[in-house]
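By letter and in written order, the chains are A, B, C and D; residue numbering begins at 1 in each of them.
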Amino acid sequence: MLTAPKLRTPFLIVNPKAYLGGADTLRLALLTDELAGQFDIDVIFTSQDAYLVEIARRTTHLTVTAQHMDPITPGRGMGHTLPEALAEAGASAVVLNHAEHPMTLAELDATMRRADELGLMTIVCADSERQCRAVAQLEPKVMICEPTANIGTGSMDTGDYIARTTRAVKQIDPSILVIQAAGVTSGADITRVLEQGADGSGGTSGIIAAPDWRVVLEDMFTALKGFQATRGNR
Amino acid sequence: MLTAPKLRTPFLIVNPKAYLGGADTLRLALLTDELAGQFDIDVIFTSQDAYLVEIARRTTHLTVTAQHMDPITPGRGMGHTLPEALAEAGASAVVLNHAEHPMTLAELDATMRRADELGLMTIVCADSERQCRAVAQLEPKVMICEPTANIGTGSMDTGDYIARTTRAVKQIDPSILVIQAAGVTSGADITRVLEQGADGSGGTSGIIAAPDWRVVLEDMFTALKGFQATRGNR
Amino acid sequence: MLTAPKLRTPFLIVNPKAYLGGADTLRLALLTDELAGQFDIDVIFTSQDAYLVEIARRTTHLTVTAQHMDPITPGRGMGHTLPEALAEAGASAVVLNHAEHPMTLAELDATMRRADELGLMTIVCADSERQCRAVAQLEPKVMICEPTANIGTGSMDTGDYIARTTRAVKQIDPSILVIQAAGVTSGADITRVLEQGADGSGGTSGIIAAPDWRVVLEDMFTALKGFQATRGNR
Amino acid sequence: MLTAPKLRTPFLIVNPKAYLGGADTLRLALLTDELAGQFDIDVIFTSQDAYLVEIARRTTHLTVTAQHMDPITPGRGMGHTLPEALAEAGASAVVLNHAEHPMTLAELDATMRRADELGLMTIVCADSERQCRAVAQLEPKVMICEPTANIGTGSMDTGDYIARTTRAVKQIDPSILVIQAAGVTSGADITRVLEQGADGSGGTSGIIAAPDWRVVLEDMFTALKGFQATRGNR
C-alpha cells in the first residue's frame, strides 16, 4: 500500500476532459504549472492517458491525474486502463465515477482499492446528496460533488447544494477533501464555493472556453490565494 | 478523411494487452522493432494509451496501435479515449470490439467512422462466423477473427473455424486483411493459419508468457518470412 | 430449433415502448386485435414483459412481442430476461438492439440464437446503412431500419434512407422483412414507406400520442389494406 | 410518495433468479405461500417480470418482488423495465444492484427514488463492507449483504463477514433490514445467520437445487419460527 500525494487547501482543479488535443493540453498544463508555482497553490490537472507522460515530465507543481481507470490487474484487459500503466506514466491521482463515465458501485470500490495499492489519490465524483454520502463511505481522498444537471452549463447551483453536500461528506469523514466546481467560471465563483465549505474548485468549460486562459487562471489563483490568506491554510 | 496505413502481408501482431508495465512494453516494442526491420515484415504492435507516445517515438517499423477508443469528438467525454489524442500520440491504428471490451453495434460503427476521418487503421474483432460477416459489412481495414472460447488458452481451434471465417470475410470484401491468432504460440502455428488463408497472426500470451521473447519472436518472424517466400508477397 | 411465426406482408407494428401502464396497454392491444381481425392484416404488438401474459391470453390476431431479452439460459441471471420466460408467457417474437437498448454484437448474436432455439421471431433494429447490412448478416427474420436521429420526432427521413437501407438488407437476404417506421404518424406515411420497399410500418408516438387511437389505427390499417390490394399479397 | 410494505422479522427470501420456467416458478410460489401462511412468516419471493401477474393473483402471503427495474418514467425506454409496470402487475418490492445485474451508483439512486414514489420496497445488494455502508446511505428498506465470491457456491463465509456487514449497515441506519443468504442451504444455516444479526435469509440454489422443495422450505421456515420464538418478534 503506497501513500497517495497530499493536497494543501484550497486547491485548483483544471479538468480539460476531451476538449483539447495533446499540444493544447500541454500548453495549458505548462501555463497552469507556471502559475501554480508562482501562487504556491496546489493543482489537480487531468488529461487523456496518452498525454500523461509528457505532462508529468514537463511540469513540477501539478498533481498529474488520469480521468478514469479500470479495476484490472496486469494480465487480460484489452482496451481497459491498467492502473500500473498510469502510475508508471507519471500520474499520481485518478478521477473516478464522473457523470460522463459512471461506474457500478462494485467496480468503483474495486478500482479505488487498486488506486490505494498503487498510491494513486482517488478523486471520486457524486451527484445527489445521497450519492455523496455513499461515495464518502468508500473512503476516497477527494470528492467532486456535482449536480449532473449543471455540468458544463456555466451556471452554478442556486440552492444549498454546495453547503449541504460538503457538510454531508465531512460528517462521514472530515478528512475527505471536497471539490465543488459545477458552473464555476471565475475567481468570484471560486471564492463563493470555498466560503460554503469546499476545499477546492476549478473546472472545465469555465477555463477551456475562456478567451484567455492566463486571465481566467490568474483570476482563479488570486481567489484561492486570497481565501487562503483570510482563512489560513487549513 | 485521411488515409490509413497499409500493411504488407503476411504480417505479425504483438498484442501485450494489459500484461506488461510501461518499461517491459517498451522493451518488447524495441525488440519487435529490431526484428521487424531485420526480417522486413510489417507488425501491428498494441499498447496501453499511456505508453503510445514513447513507443511511437522510439520505433520505426511498427504500426503503433491503441487497444480501444471511443466515438467521441473533442468536447465532453471525461474518462473516454478521444481518437484525436491517440493519433496525436503517434498511434496509426486501433483495435475495436475485442472480446474483453465489446462494443454495441452502433458505437462500433460510429468509432470506425471516427477512425476513418483521422486515418487510423481499424482492426476489428469478431467471434462467430455470423459476427465476422457482420463486422465485414462495417468496412474495417483489418479483422481479428477469434473464437472467444480459445482466447488465452494456448490451444487453437481444431475445426474449420480459421478457413471458414477467413473465407466468409473475404467473400464480403476481399480487401479486408484477416488475422487469426487465437491460441497461436509458435512459428509453426503461424504457418498453419497462413496456409488456411489468414493474412496475419501473432498473439498475446503466446509471446508474453514465452521464456525468451527474442526466441519466440524470431521463430514467428521466420515463419512469416518463409511463408512470404513460398507464396510471394501478396 | 422451433419455428418462428410468419408474417404476411404488408404488416403493422404497434410499439408502445414504456409509454403506457398495463391497463392502457391492454386497451390498445384489444383495439388493435379487433382491427387486425377486421382488416385481416398481421400485427407485431410489443409490450413490457409484465403485461405479456394478459395480452397473449386476450388477443388472437397479434404477434405478441417482447421488447428485449438476454442471451441467458435457465440458471443464474438475476434481473435479466430469460428467453424461456417470454415464450412461456405467450410471446412469439422479440425486438432486439433498439436504439434505446443497444446490444454488443456478441450479445446480439447470442440472443438471436437463443430466440431461434425457442422459435421466437427476431426483430432486430439497426441505424446506418452499414449497421443494417451488418445486422442482416446475423440472419434476423425481421429488421427495423431506423435513423436514430428521427426516433420519436414525428418527422420522417427526407432523403433516400428508406429505399437505400431496405435495398441493402434485401440484397444480403431477400427473405428478411423490413420495417420502416421512424416518424410515421398516418396511413399516408405508411403508404409512402411501403412504396419505397418496406414490408411493414407503424410506430410508437405516432399512435400513442394521437388524440384517438381508433382513428389513427383505422387510417393505418386502411393504408396497409390498400397497398396490399394494389400490389398483391407478396 | 406511497408507502412500501413492511416485513416482520425474521423473514425468508426465495429467489429463483432465472432458474425456473413459469410453471415451476408458480408451483414454487404456491408452495411457499402455503407454508408462509401455515408458519405465519413473511416471505420475499422474486420472479421474472413475465410471471409477476400470475404469482400476485394466486398468492396472499408473499411480498411479490421483481428482480430489477430501470429508473425510467413512462415514455421512451424500449426494452427497459418501467417501474409502474411492475407495480401494476402486482409487485410490491424490487431487488436492485444484484451482482448479476450491477448498477451504476447514479442509476441505483435514481431507481430507488422511483421505487419510493411508487411504494415499491427497495431490496438492494452489496458486496464488501464498504459497499454495504455506501448502499446504506442510499436509504434502502432492505439490504442483501453478499460476498460475490460465495454466490451460488453452497458454502457460507467462514469469517466475520455476516456479523461485520450487518453491524455496519445497522450503525448507519438501524431500520434497514439485512438479509444474509450467500451459501445458505438449510434451516441450520438460517439460524446461524440470524444469530449473527441478520433479519432475513433464504436463497436461490440452496432451495431450487434441493431434491424436495417442501422439505427444504419446511426446514427453513421451522428455523425462522424457532428463532422468532426464542428472540421474540423484533
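The rule is simple: a residue touches a chain if its C-beta (ideal position, glycine included) is under 8 Å from a C-beta of that chain, and two chains touch if they have at least 3 such contacts.
Treat the numbers as computed from the prediction; the structure is a model and nothing was measured.
Among the other chains, which touch subunit B and subunit C together?
none
Same or different for subunit C and subunit D, when you check if over half of the residue numbers at their contact belong to both copies?
same
If subunit A and subunit D share one sequence, what is the angle of the rotation that overlays their CA atoms, in steps of 5 degrees?
180
Just curious, how far off is subunit B from subunit A if you go by their C-alpha centres, in Å?
Going by mean C-alpha positions, subunit A sits 35 Å from subunit B.
Indicate the whole-number Å distance between the mean C-alpha point of subunit A and the mean C-alpha point of subunit C.
46
Residues of subunit B that contact two or more other chains, please.
Each of 99 in subunit B touches at least two other chains.
Sort the chain contact graph into one of these: line, ring, star, complete or other.
ring
Pairwise, which chains touch?
Chain-chain contacts present: A-B, A-D, B-C, C-D.
Which stretch or stretches of subunit B touch subunit C in the complex?
Residues in contact with subunit C: 97, 99, 102-109, 126-128, 130-131, 133-139, 148, 172.
Given the complex with subunit D, which residues does subunit C contribute to the contact?
15, 17-23, 46, 48-54, 67-68, 72, 74-82, 84-86, 88-89, 91, 95, 98-101, 152
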